[in-house]
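Read through the structures below before going on.
Across the two complexes that follow, subunit A remains constant while its partner is subunit B and subsequently subunit C.
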Partner chain A sequence: MLLTKRQTLFLVVICLLASKVQRLPSLISTDLGRHGYFVFLIMGMIDFVMLLLCLGFNKLAGKTTTYELTQKTGGAFYSKLIFLLFAIYFLFNSILPYEAVHDLFGNILFDHLSWPLYSVVLGLTIFFIASKGLKNMGRLAEVFFYIIVLSFLMLLILGASTSNLRLTLPVCDIDGELLVQICFKYNIWFGDFIIIYMFVGKIKQDDGSLGWPVAVAILVATLVLTFAYMVFYGLYQEISGEQNSLISAISQFALLGLDIGRVDWFLVLFFQFAAVISSSTYLLLASKCFLAVFLGEEKASDKADIKRKKLVCFYVVLTLLTALIYFLDIFIFKSNQEGVALMASFTKWLGVAVVFVLPVILLITASVFAKKRKKQEKNLQNRFKNLSFLKNSKKTTKASVLLEKKLRKLEGGEK
Partner chain B sequence: MPKNSVKNEILSLFNENADITVRELDIQKKKVFLFFINCLIDSELVSHGIVEPIKEAENCSIDEFEKKIINVGNTKKLAKQDEIVEEVFNASVVIAVEGEEQYLAINTAGFSTRSISEPPTSSVVRGPREGFIEDLETNLSLLRRRLKTPSLSVKRLKVGKRTSTNVALLYLNKVVSPKVVEKLEKNLSSLDIDGIIDSYYLEELLEQSEEKFFKKLGNSEKPDVIAARILEGRVAIVVDGSPIVLTAPFVLFEDMQSPSDYYDIPQRSSFVRVVRLVGLLLAILLPGFYVALQSFHYRVLPINFLISILSSIEGISFPPILEILFVLFLFEILNEASVRMPKQLGMALSIIGALVLGDTAVQAGIITPPSIVVVAISGITLYIIPNQASEASLLRTLFTIVGGFAGFYGMFLGFLILATYLVSVESYGAPYLAPYAPSVATDKKDGFIKAPVGKMLYRPKSFHTLNSVRQQPTNDKHLSVKKSNKEALLESTEKTQNDQKEE
Partner chain C sequence: MKKIIMFFKKRSWLLILIACLIFIPQSFSYQAKLNMRVVVTGIGIDKSGDDSYEVTAQVIIPSPGSESGGTSARLDFISEEGSSVAEGIQKIAYKIGKEAGLSHTDFIMIGETMLSDNIVPVLDYFARDDQVSPALALLVCKGKAKDMIEKTKNLELSVGLGLRKVFLNKQSSLNGLVTPVNNFIADSYGISKTTLISGISISPEGEEEEPKESDVISSDPSTGSGGNSSTGSGGTTPSKSTSEHSDLPGGNQNGSSSGSSTSGDQSSSGSGGGSQGGGQGSSGGGQSSSGGEEKNARIKFYNDIYYFKDGKHVGTLNTEEEILGYFFQSSKSTNGEFKVSGVTCDILEDATIGLQFSNKKSETKVSFENGKPVLKFTITIGSLRTLEILNKAKRNVFVYSKQNKDMSKAINKAVREEITEDIQLAFEKAKTDNVDIFHIGELAYQTKTKEWKKYYDEFGENYLKDCKVEVEVKVSNFN
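On to the complex of A and B.
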């Protein structure tokens, strides 16, 4: 078991916040203007519904991992196909926060920064963090979670103090068709709950529940993000599309009268921890998915030489993906606006497939798997009716021990 | 057996060392030899407790000596000659009787040791003032006096081929994780080194990974601290010749705790712990932060402050990074000199260092007043957690360089890399950043916000102890223990009782 429920929740929230409040609001405001917050509201609600499917999958899977479950139910090709989709999706999701860090440091905090050179350091950092694995990623999320959330809330409060929220009204003249189009266009920025599929079967069954805290977190985050967009638009109105990033622009006017400099930039800096952690998480998950596609999932039962081989392959994949992200950032995102627009147009169908379609398919797969497992258990119990007698009797035979082990494994969903 | 052959055989083991003393006695027509090193033994004890009774003995045999004659308590029979060397070097008198193939070792240690005093690195306003000294037995007695329980196990080992240093492992049986004891024993017995001069040697050698930057073992000079750590489920490693006792497992937060925290009101202790964290961060990040601000991010500063800084740096020909590195270097030199300089010259050094050098360098335009202030703050806060001063000092220089080359960007990524590294480190199975990463709710009661002693019901879970219950809640209403906690407590108590019954 790699992650606790608390760590899972923190990672989901960090990934959820990381890239939505950077470039995205500015892009949406260019297309939708003052009604842009509806995109956050609608996509947030869709995420919430899809999350319920994901949690249902998690419950049915028990201790079985997503890869194992799909492989047992639909075969190796089926599981590899799903993991390939996940891998590409996570790879693109890793680029979004990476680009946000690029934008903040390369264009806002520094006057002149040779980004192709300095981006190498960022690339090495996300490689280093991702190489430490899921367990340490969870711990890192615990270290920075409160710093990130508090910084964001403080920036939002600072922004709200100078924003005119009435400028986001009225709502009745909204163009519904355009709204749907924009939701579709920028869907890759949403659906962060998908990472939970990669944690299924690896979460400690400790105290507390995973379901409702994640669901509440997504609902609260949706409302907060919607409010953040309203504050942002209330501040910049028609020129909000010109702003590079919501997070660095939202508190700009709040501290002017105090003459204490741009101390809010420290909060922006603290928030960027979310971007790097999120980028590293997605990079790690993408690497794991590619590895699963080519070599199958890592298992505790793997022999030492197979484990070593998979570890070497993991580092190779991680290096290649980091290099890919670096070059995409340097060449595609040379101009942030164009780069992000290009990416949005390229990934919109991928987003639909992974966020809207896959959860439904996976839930069906999980219910088939659960039924199969139940049937197997029943068959096994019928074949050995004397099991209860053997279990109760003080004399344990080798057969009864083996049988009990097999049943326990089946109950736990282990292979 | 030829005359004096025993004597010669044994003497040959010592390579004819000049400091070996041999006392020859004729008892009942048999020769008795006493081997010892004069400077290590208590001569009066040897004279009254060993020599005089032997002279009056009616029977001359090792058994007779051990059971009836010798008036000293700590005796040990030796079957092999090889063991004699070790015993003699451990301040024992070894008796050999002509014609017998066994020997008797009697511990008569009488060398002078430092008296017990308050350790200079961890003095307290309130609380015990005793500190460990360089003698193992005295140190063990200091711990035994505090832990009067049969479950306190002491395992003795010898480490070092030439020094044969006595090392003792102390832990609470049925409390400590057996894996930790096993690992420590295995690591200690696998050491193949000439000698252990101080416990620091072991601190480095017992680290499990190749990486040696952050220490993986805790240490203290105070018996009350070590006793408390043993009670928490740690293993203490006492090394002969060292006043520093090591403990394992270690978590970084241990260094944020001070003995005085436990002898003060919890609110004050909590406040001081937060101050220590802020101090540590200031020590590491402040110079780099100042360099980054001056080099790249001056817009962050308030305009009035910026003007005053700009006016003070006017005429300085060095870039901020070189200036701060120079002041840091100067600080390190003064620090090193002040530690090693005779006390009488300390005042003169302060005057030269602070007044003459500092003031003149500012006037000469080599350094600026803000940079001195920054390094002074960093220098003071560096010693707010003395156990981490070495690591913090190096990190400070590293962050200064990073801040000078890459501004906030470099410091931001550097801090993230440091945090990632720290969360991945483990010390004998305990996560380095516990109880915060991973979060352990019960362990946080002795965290930044320190709970009253009555509320610390469990031992730290990060150490995977066999018995996690530290104390029973005395008054439910007063302690306001959560239901789930109570249940866990009852379960754990029952489990412990069952274990004890089984045993």
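On to the complex of A and C.
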């Protein structure tokens, strides 16, 4: 087992926060203005509903990983297809927080920064973090979670103290059609719960009840993010589109009376840990998914040479993906505004497929798997019963011993 | 792969060396970049021709060996003309041979020559530049911004550099307004299209600057001011408080209290400190040791409030009553002093009472009566204290009795009447220019959308005609 439930929860929340409070509010405000918070609310609620499907999947899967489950149910091609979709989705999601860090350092903090050079540092950082594996990622999330969340909340409080929330009124004159279009356009920024599929079967003491803490966390985060947008718009109104990053912009008016400058920048920088962790997490998961597509998932039962081969391939894939992210950042996202618009237009259908369609398909797959397993269990039990007379006669066969072992294994899996 | 990892693990110094070789050469040029940057702390903008602007930058030049917070730095002023603000700033940077760093810019001073046109396009540069803080404070001065900004060198250094902070303190104590540039631009696109900017006037202590007729430009009549521009020549009458009420708390601080609040310690009690200190109010703004120069300039206490519609200047609130009327309804002004006159009761006869209040809260609500918007202010004064009483009646020791209910009642009543009257004065003044300074349009649209739409369909841009303002004043604790 690699992750604890707490680590899973922390990773999900960090990934959820990381990219949504950077450039996204500015993009949404350009189209929707004061009604932009509906995007966060609606997409957050959709994520919550889909999360419930994901948690249902987790419960039905038990100790089986997603790859194993899909492979056993739908075959190798089916599992590889799903993991290919995951891989591409995670890769794009890795770019978003990477761009957020680029935006902050390249455009806001420094006016003359050689970003192609400093991007190497960022690339190496996310490569290094991702190379350490899921266990270390979980520990990293545990270490930084509180400082990230506290920084975010403090910035939000500072912003709320000077914001005029009335400017988000009225609600009734909203353009419903435009709202749906914008939700659809920027859906790649949401759906962070999808990473839970990669943790299924790898969580310690998970009796399928990862459940309510994650659900509550996503619900609370949705409401907080909705409020954050309202604070942002209440400060900047029609000029919200000019602000590159919500997280660095909302506290601008709060500490003007201080003689010591903008100390809130510390909080902004602490929060950026979330962007680095999020980018690394998605990069790691993308690499794992690509590896699963070509070589299958890592198993404890793999022989040593296969394990080494998979490890080498993992590092190769990780290096290639990191390089890809680096070059996408340098060339496609040279102009952040256009790069983001391009990405949004390119990935909207992928987002729909992965966030809205895949959880339903996977839940059905998990139900089929669970039924199959139950049936298998029953068959084994019946076969064991038939052989039980041998046990009574103190004459055990190899077959009965094997059967008994299998039965015990199945029973242990269900628990 | 393992061998490579083991190699670097054993020779971690190699990684450090590689990092140093990459980053240290980069940092060499950063030192040079810091030296090649000049910090612009304020900007003044004047119109110098049909399509050209004169931009004046207030820059801070640290003296060798000066420390942070020390007074040995000095202010310098560089002016250049350009067809736009951006060009002007570029030319300034070219002139001094350094890059103009705008991230520490505190304020923008707009000269009177700019007020004849829409200033929103002029300020566009500051809304877009990522380096510039959106909280940049806007100020309007009579005459040329270049001349006024140069007077900041006669203020104490921390005041001259930090006008925004000074005005933030003034805003909380009823004698200044901070309008961030982003808010100015955003509000000009609202329903009322109204924004307000504080004036600023710096003059040597004891000297009040009279507006010169030739420098003053009247507003554009097409904005609906009805020709009743308060910036017409001679129209800007000096605030009453400056000449008539020099003995009273509110009027005793022409410019001095702002100087005294500069240390930042006195903040909202800047005016309180001035009132109690009387002539000592100038103590905080006393001589600075910078270069041995005497810093004897002061910022005027009650500064005019310029109101704009659609980015164009329309009129000014320039009497003490009008200015106080605006601040009484503002939720950002929470404490200060004012006076009430003509108070009469059993022991008072036509008395003038100086009062200090704190914890003022202001709530605003819009309702519709007979289809017409009514803006209701509920002003709650947390604590009200009598500072002094100038009584025309015979001397009576009971004037010092706080338990005298009649006197308390009379003063309370006078306070309510004064506040209501001042707010109405400010509203009516702007109403004659068809300027919605209290943003009734926005409030009505936000909270009573249906009724507002119906009303607006009928009256359009002249919606202010039938708008009313009601004021309710509550005093929680009167000493």
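We adopt the following convention: the second predicted complex is superposed on the first by the 389 of 415 C-alpha atoms of A that agree within 3 Å, B and C clash if a C-alpha of one lies under 4 Å from a C-alpha of the other, contacts with A are read in each partner's own complex, and residues count from 1 in each chain.
Everything below uses one rule, namely that contacts are C-beta pairs under 8 Å (C-beta built on N, C-alpha and C of every residue); 3 or more make two chains touch, one makes a residue touch a chain.
Computed from a prediction, not measured in an experiment: that's the story for all the values here.
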Partner chain(s) touched by A:Val180 [first = subunit B, second = subunit C, both, neither]: neither
Which of subunit B and subunit C A:Ser114 touches, first, second, both or neither: second
Touching partner for A:Val216 - first (subunit B), second (subunit C), both, neither: neither
Which of subunit B and subunit C A:Ile364 touches, first, second, both or neither: neither
Those residues of subunit A which subunit B touches in one complex and subunit C touches in the other: 111, 259
Touching residues (chain side subunit A, partner subunit C) in the complex: 107-108, 111-112, 114, 117, 166-167, 169-170, 172-173, 235-239, 242-244, 249, 252-253, 256-257, 259, 311-312, 315
Contact set on subunit B toward subunit A in their complex: 296-297, 299-306, 406-410, 412-413, 416-417, 419-420, 423-424, 431, 433, 436-439, 484
Partner subunit B, residues of subunit A touching it in the complex: 4, 6-7, 105, 109-111, 113, 118, 121-122, 125, 128-129, 132, 136, 138-140, 142-144, 207, 259-263, 265-266, 269, 272-273, 276-277
Contact set on subunit C toward subunit A in their complex: 1, 22, 26, 33, 69, 127-128, 130-131, 133-135, 158, 162, 164-165, 168-169, 180, 182-183, 185-187, 189-190, 264, 267, 443, 445-447, 449
